[in-house]
Amino acid sequence: MNSLILLLILMFGGALFAFILNKFVPALRDIFVVLLMLGVSYLFFSTGISNRLNFDVLGIHMQWGFTSASYLFGIIVVVLGSLALIYSTAYMKGKDRLGYFYMNFLFSIGAMLGILMSRDLISLFFFWEIMTWSSYFIVIYSGNDVDRRGLKYMIFSAIGAYSMLMAIVIVNSFIGSFLLEDVFASIFAIGSGYQIAIAILLMIGFGVKSAMMPLHVWAPRAYSESPMSYTAVFSGALSKMGVFGFALVLFNLVSTQNWLINEVVAWLAAITSVLATFYAVIQSDAKKLLAYSSIAQIGYIIIGLASNTYLGVMAGLFLAVLHAVFKSTLFMAVGAVERQVGTTDMTKISGLIRRMPWTFVATLISIIALAGLPPLGGFVGKWMLYEALITSGHYYLVIMVFLSSTAAFLYSYRILFGMFLGQEEPEFAHVKEAPLSMLIPMLILSGISVLSGSHPGFILEPIQSAMASFGFQSNLPHESWWELTVLFNTWGDKVALVNVLTSIVGVFLIALAFITIKGYKNQRYVTTKDISSSGEIIQPEDNMTFQIDFYKPFERAIWPLLKRKIDDYYTDFGKGLEALFDFVRRFYNGNGQFYAIYVMAFLALLLIAGTKYFGF
Amino acid sequence: MVISPVQYIAIPLIAAFLIPLFGKLNKELVRIIPGLVLLYLSYISVVLMNQVISQNTMIVEIIAGWRPPWGINLVFSPFSGFLASLFSMLGFIIWMYTYNFKREVEDAQTEKFYVLMMMLITGTIGIVLTGDIFNMFVFLEITAISAYSLTAFYRERDGAEAAFKYLLVGSFASFFILLAIVLLYSQVGTLNMADIAQKMPDVNPYMKGVILMLFFVGFGIEAEMFPLNGWAPDVYTQAPGPIGAIFAGMVVKAGIYGLVRVIFTLFDVHEIFPLLMIMGVITMAVSEVIALRQGKLKRMLAYSSIGQMGLVLVAFGIGTHEAVFAAIFLMFNHAVIKSLLFLSGTYLVYHSKEKNISDLDGIGKSLPFTSFLFALGSLAIVGLPPFAGFWSKLYILMAAADVRLIAVIAIILAVSVVEIVYYFRVLHRIYFRERISTIEIKIPSFNAKISMLILAIVIIVIGVYPDLISGLIERAATDLLDKQHYIQSVLSVGLH
Amino acid sequence: MMKRFFIFLILAIVGYYIVDVVSQIPFGENRVNVGDYYLDKSPSELKVSNTVTAIVVNYRGFDTLGEVTVLFLAATGLASIMFRRKRKGEKDIRAKKASSRIIQIGSQILFPIIILLGAYVFIHGHLSPGGGFQGGVIIATASLLMLISYRKFKVNHSTISWIESIAGIVFVLLGVTGLILGKTFLENFLPTGELNNLLSGGIIGIIYVAVGFKVAAELTGLIDTLLLNNRPEANKEK
Amino acid sequence: MMNEFLMISFYGTAIALILIGLYATLAKKNLLKIVIGLSIADSGLNLLFMAIGYVKDGTAPIFSAEVVGKNVVMVDPVPQALVLTAIVIGFAVTAVALSLVMRLYRHHNTAAIDEIKNLKW
Amino acid sequence: MNWLVIPIIVLVILTIAAAIYAVISKNLLYAVVSTGVVSLGLSMFFFILQAPDVALTEAAIGVALTTIIFIITIRNTTEIECCDEKKSKIDVKKGGEK
């Protein structure tokens, strides 16, 4: 049997089996899902990219198989999927409806693999929808539907998916085939108006999943309210499907004459990243903060893709991989805190560094990667992005990205400080470190983050072959843009990243040792309520730590931008529609005689119209 | 005795006349006999369908020894045969569901229930099988009268009100169809559909137009076209649960069959297609948005059903081979999926007086199996893969795209979003709310579970492997579009 | 008022088109149609002098089967719609008070005569105007007469359903017999006899008798069901 | 002349009955009036069909002893057979309708159709 | 055949008048009886149209049976057509109790 089919059968069959297993032998469930995922990962890595499967369904020709591009994303999916499942076994312990949870978890991972292996639009859509509903079922897993987040997610996904479907059928009506290669080959032969419409419709579809600006409103709550073990995959891998789709559309379906599309997308992404960063800053809940941060980060990625330069695309893809790594680490870390402490409200938690040191380490590394500070991969990615934008002359975009990444420092700091540093509250004294099965995935991912800083080449290599399969060839003076541990730039400078890393880490370690030795004796524990005030009488309930309202001034400054959320417009629109629908409903007024009158009136109308217009 | 299409009518009739007698012998027989009959019908469906497909013919059965156009004949063509087989098999599954349904109803009523239910199914089968237009009217009346009575079956509901509305509008339908038949007879002097189709070109176009409009309205009422469907939501709501499934799965389909048979075969006027499509779009849009605002489960399902019928009309209105294929596929899918929804939904609101959606809060924990099947049906009906509904919707969109009906595609998809919203809202309530209502819960009986499970398996299997059935549907679509073949096959029968 | 005006308007439109169409149908003209074939074959092949009967029972016998079924369903449906749980000690009362003696005696005399008339009508269905339906209705009228005039007159529902079922089954089985004998459903398999003879027309006569019994039984049952509920005080349900 | 007169009177009566019946169904609020309207409209339709099947100077399509062998014009028997069916079906529908009226009256204590709207929207 | 003219005119007028009366009459009993008259007229028409079978059927079903079941229904419900303009429910009740 073809390993592609086997992969899908294992995934979906395994998902169903996990559901059934949970009913009868719940003890074996965790082991089963982890083993299944590991087996699938093995199968995935052994599959390779040359495998092609052709078949017909209902007279529609379909083709499955990985390309180097989708393989890259596939790696993200299986790695994150396996780690998140391992993490899940501890994180979800003791919750109910686990069979349901794991079933949908595996469904969505299987669907993602399906999306990546589709070489035709119908299978792509098919798996896209499976991914949508299975993730929806996890989003609403935790019960009370605050703000109807699940429904919102589903509505937006549906809008996106159906605009995709519309594009797909229109493409087919022109080209007569759903195969991606046929579509790519002949898309520019059809009318320009249709071309643009198709590109836009497809991008709406992918934009929803990657939470682009006007379509992002579902994301914050969906990310923050799903179980964290799934959010790691959701934000890490699932949103990358949108990125993958964007790449497909931008590189293959938008002709160079329609460069405006690229510009618009880039600008939307830039606005997304700035606004989402601002929102992230003013959140007090770590999960929501990370959710907004995810949206902002995907903004960078899409800016990179839309820049349509070799370096920009590379930066975008690099950031995509990296984002998957560090953002899922962060979600896992927050999940660990949530599980051990019971809350993720940063105004309540503080000083967990002593209680959960390993979680802290993972968070720290990921935060550094997120903020784009030098020794780690985030820096590399952002550097490449800036360079690409500057060399291609997108100066305003550079300003936007700069604004957004500066603001990102604010929330990066906040999440680190709010949860781990600061005064230790006595009520958290009993908190223990997260169990091993949660730590290991986090630490593995952190390790990847570190490596990405020192050896970006191991990520850039698959990216380069992926770009080749997207149709990008290096057109630059250098032979190569990177070596394993060395970063070049347009101007011919070389930076040996390992040296940077080792030196910075060395300095850091020395400083740490120094502080520890020097300051250990002077340390004094005070509670957050025990702070001397300058003549002001402090009430016991006043918590004076600066997690609270620390960013108030900043918030006040950006408030005009954020006052009216896009969400509110959607809500008003929905309300208006509902009122309209209620009006339509009055047609069925309950009086049977009116129904009979409708019949007669319709007949009269038809007789007039029929004899006049239908040519009888 | 050789298996022949007339047994579709004769066997249920004998059984219907026998049931009152057997009811005196043994109460259980009353429940069992319809099942046996429907099982037998399913069996002959398989045999006949196999014959039709393998020999690439249509079976035309003469009745009373007079060949068409003088006698009545039954036509088991790929299209009508497909629908007849669908009805009998679905009927059997629904019978299985009703076997232990509402045992507390009096014996005398049980007997009537089964007679009426069986005749409802037989009536729909008769409508699709008959080759004679007046005979179709008679079967329409059989269907209608059983439907009126079944709608008013429960005394504690507002069934009588719904039934009266249905009767009022349904009488208009019969009236218009009969009027059309009368005018048609005055023009062509025959009642056989093939003969009419053959003679139709000679009729003057004005007369043709008026007759077609009368048929259009008449069958449009049965097919739940938009301004004519006032009765439908009430009827679906008030009828017993399995009967709702029969309405959604068979009665409407029979109405649509009548409509398309008249338009495609009898008249063959392509000018009417845009009208059919426009009415379909309006029907779909209006009823789906109304469904969004429903607070009662069955009413929501009813409007959803009407909306799907609108989609079927759109597909027929496009009129290409691909579109007709999609329409028939959707008819099949909708019959199966909506039956599943009605059957499982019935148990979800079994003891609820108002049948409110809010009564479903948290019922997923108490009724896991039924809720799961309901969820599956919901996913399928909105056309999410990997369930059956996806392929038919895809094909309709493809057909629409091929003739560049971009606006229609947009409307269909926008309406699908609405559909997703209201179905997922229900699912959310089922699974993710705490149960507060104190309404007693009814666990489905074993046979009901089996019947729902069969439907669910069909949905999944067709969803994953649609080619299982596409051959039959392909033949059905070809049959519907090939008017000449129909005429020839019918009129040449019995010519020695 | 607006509504009424609107109704007049749409009725005027529909009426206009109906008039327009119908006026194009020539009146009294002998058009070529399937009727000619029936008029030609019915006396010569089926030996049935009443062509309408030949059509109703043989050429379009399937319609008649459906029609009988419609009546059967109406009776069944009506009984199901009117079904009401009996209260304790409630008796079946069809009329509020007994009719006057004159009416009673009159109906007693009339009853057998009407029954005979009905029987005559459906037995001679293939010879003269009339047939199963007309005869059945006439018989039903007779029992209606008794039901109204006698308070205690009871219709035995068991008997009725026996008659109904057997008559119906006879009809279908006659059809199926044709099928079994290698002919078609409802095809005549008996010798047709001589034109204008009582024993002519093959199975047509038998079917019409069955239809007569069936219609009579169904209508009687139907009226009885309606009469049983003829009690305003029983109607106060709520 | 005679033919036109017959045509106008038959077709006219039929259409008049149809329209009167439909009017009653659409405009009258009483349930019974609605049913009466339906039955009148049906009667009109039956009359129309019979009138269409009429043949000038035709006789009833019965081959009684005096007619056999003579060349007589007969009216079209098909409409007669169909109308026969239609009448019976109409009666069946009327019966069901009336039983529904009775139940509605029992339930709502009114026979006005605009007061019976528990089910709407 | 001219002798038929007058009876036909009478019949037409009678039938249509009865139909109109059946629709407008406030008393349902009268309306039902008028419907019976319409059926009777119709059955005459059928006779004139050389359709004795149909005439017989219409006479038996339309005139006798339909009228009777209508009357039974009226006895069960109400005799007076309700509130076309603005009569209240009380009138209907009275009609029912009669």
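Per-chain residue numbering starts at 1, and chain names A, B, C, D and E are given in the order in which the chains are listed.
Rule of thumb we're sticking to: a residue touches a chain if its C-beta (ideal position, glycine included) is under 8 Å from a C-beta of that chain, and two chains touch if they have at least 3 such contacts.
Note that the structure is predicted; figures quoted are calculated from it, not measured.
Following the contact convention of this document, A, C is the list of chains adjacent to both chain B and chain D.
Any chain bridging chain C and chain E, meaning touching each of them, is among D; the list is complete. Graph distance from chain C to chain D, where chains that touch are one step apart, equals 1.
Chain centre most remote from that of chain C: A (centre = mean of CA atoms). Set against the C-alpha centre of chain D, every other chain centre is closer than that of A.
Every chain gets a centre from its CA atoms, and the centre nearest the mean of all protein CA atoms is that of B. A separation of 69 Å divides the Cα centre of chain A from that of chain D.
A straight line joining the Cα centres of chain B and chain C is 30 Å long.
As a whole-number value, the distance joining the C-alpha centres of chain B and chain E reads 37 Å. Taking the mean of the C-alpha atoms as each chain's centre, chain A and chain E sit 75 Å apart. For chain A, residues that reach two or more other chains under the stated contact definition are 585, 588, 592-593, 596-597, 600-601, 603, 607, 611. Looking at chain D, one finds that residues 6, 10, 22-23, 25-26, 29, 31, 34, 48, 51-54, 58, 60-62, 74, 78-80, 82, 84-85, 88-89, 91-93, 95-96, 98, 100-103, 105, 107, 109, 116-119, 121 touch two or more other chains.
In chain E, the residues that touch at least two other chains are 51-54, 57, 61, 65, 69, 72-73, 76, 96. Of all possible chain pairings, those that touch are A-B, A-C, A-D, B-C, B-D, C-D, C-E, D-E.
Across the complex, chain E meets chain C through its residues 51-57, 60-61, 64-65, 68-69, 72-73, 75-76, 96-97.
Partner chain B is touched in their complex by these residues of chain D: 25, 31, 34, 38, 41-42, 45, 48-49, 52, 78-79, 82, 85-86, 89, 92-93, 96-97, 100-101, 103-104, 107-108, 116-119, 121.
Residues of chain B touching chain A in their complex: 161, 164-165, 168-169, 172, 176, 205-206, 208-210, 212-214, 216-217, 220-221, 227-228, 230-231, 233, 269, 271-272, 275, 286, 289-290, 292-293, 379, 384-386, 390-391, 394-395, 397-398, 400-402, 404, 406, 409-410, 413-414, 416-417, 420-421, 424-425, 428, 431-434, 465-467, 470.
The residues of chain C lying in touch with chain E in their complex are 50, 52-53, 121, 129-131, 133-134, 137-138, 140-141, 144, 219, 222-223, 226-227, 229-232, 235. Within the complex formed with chain A, the residues of chain C that make contact are 3, 6-7, 9-11, 13-14, 17.
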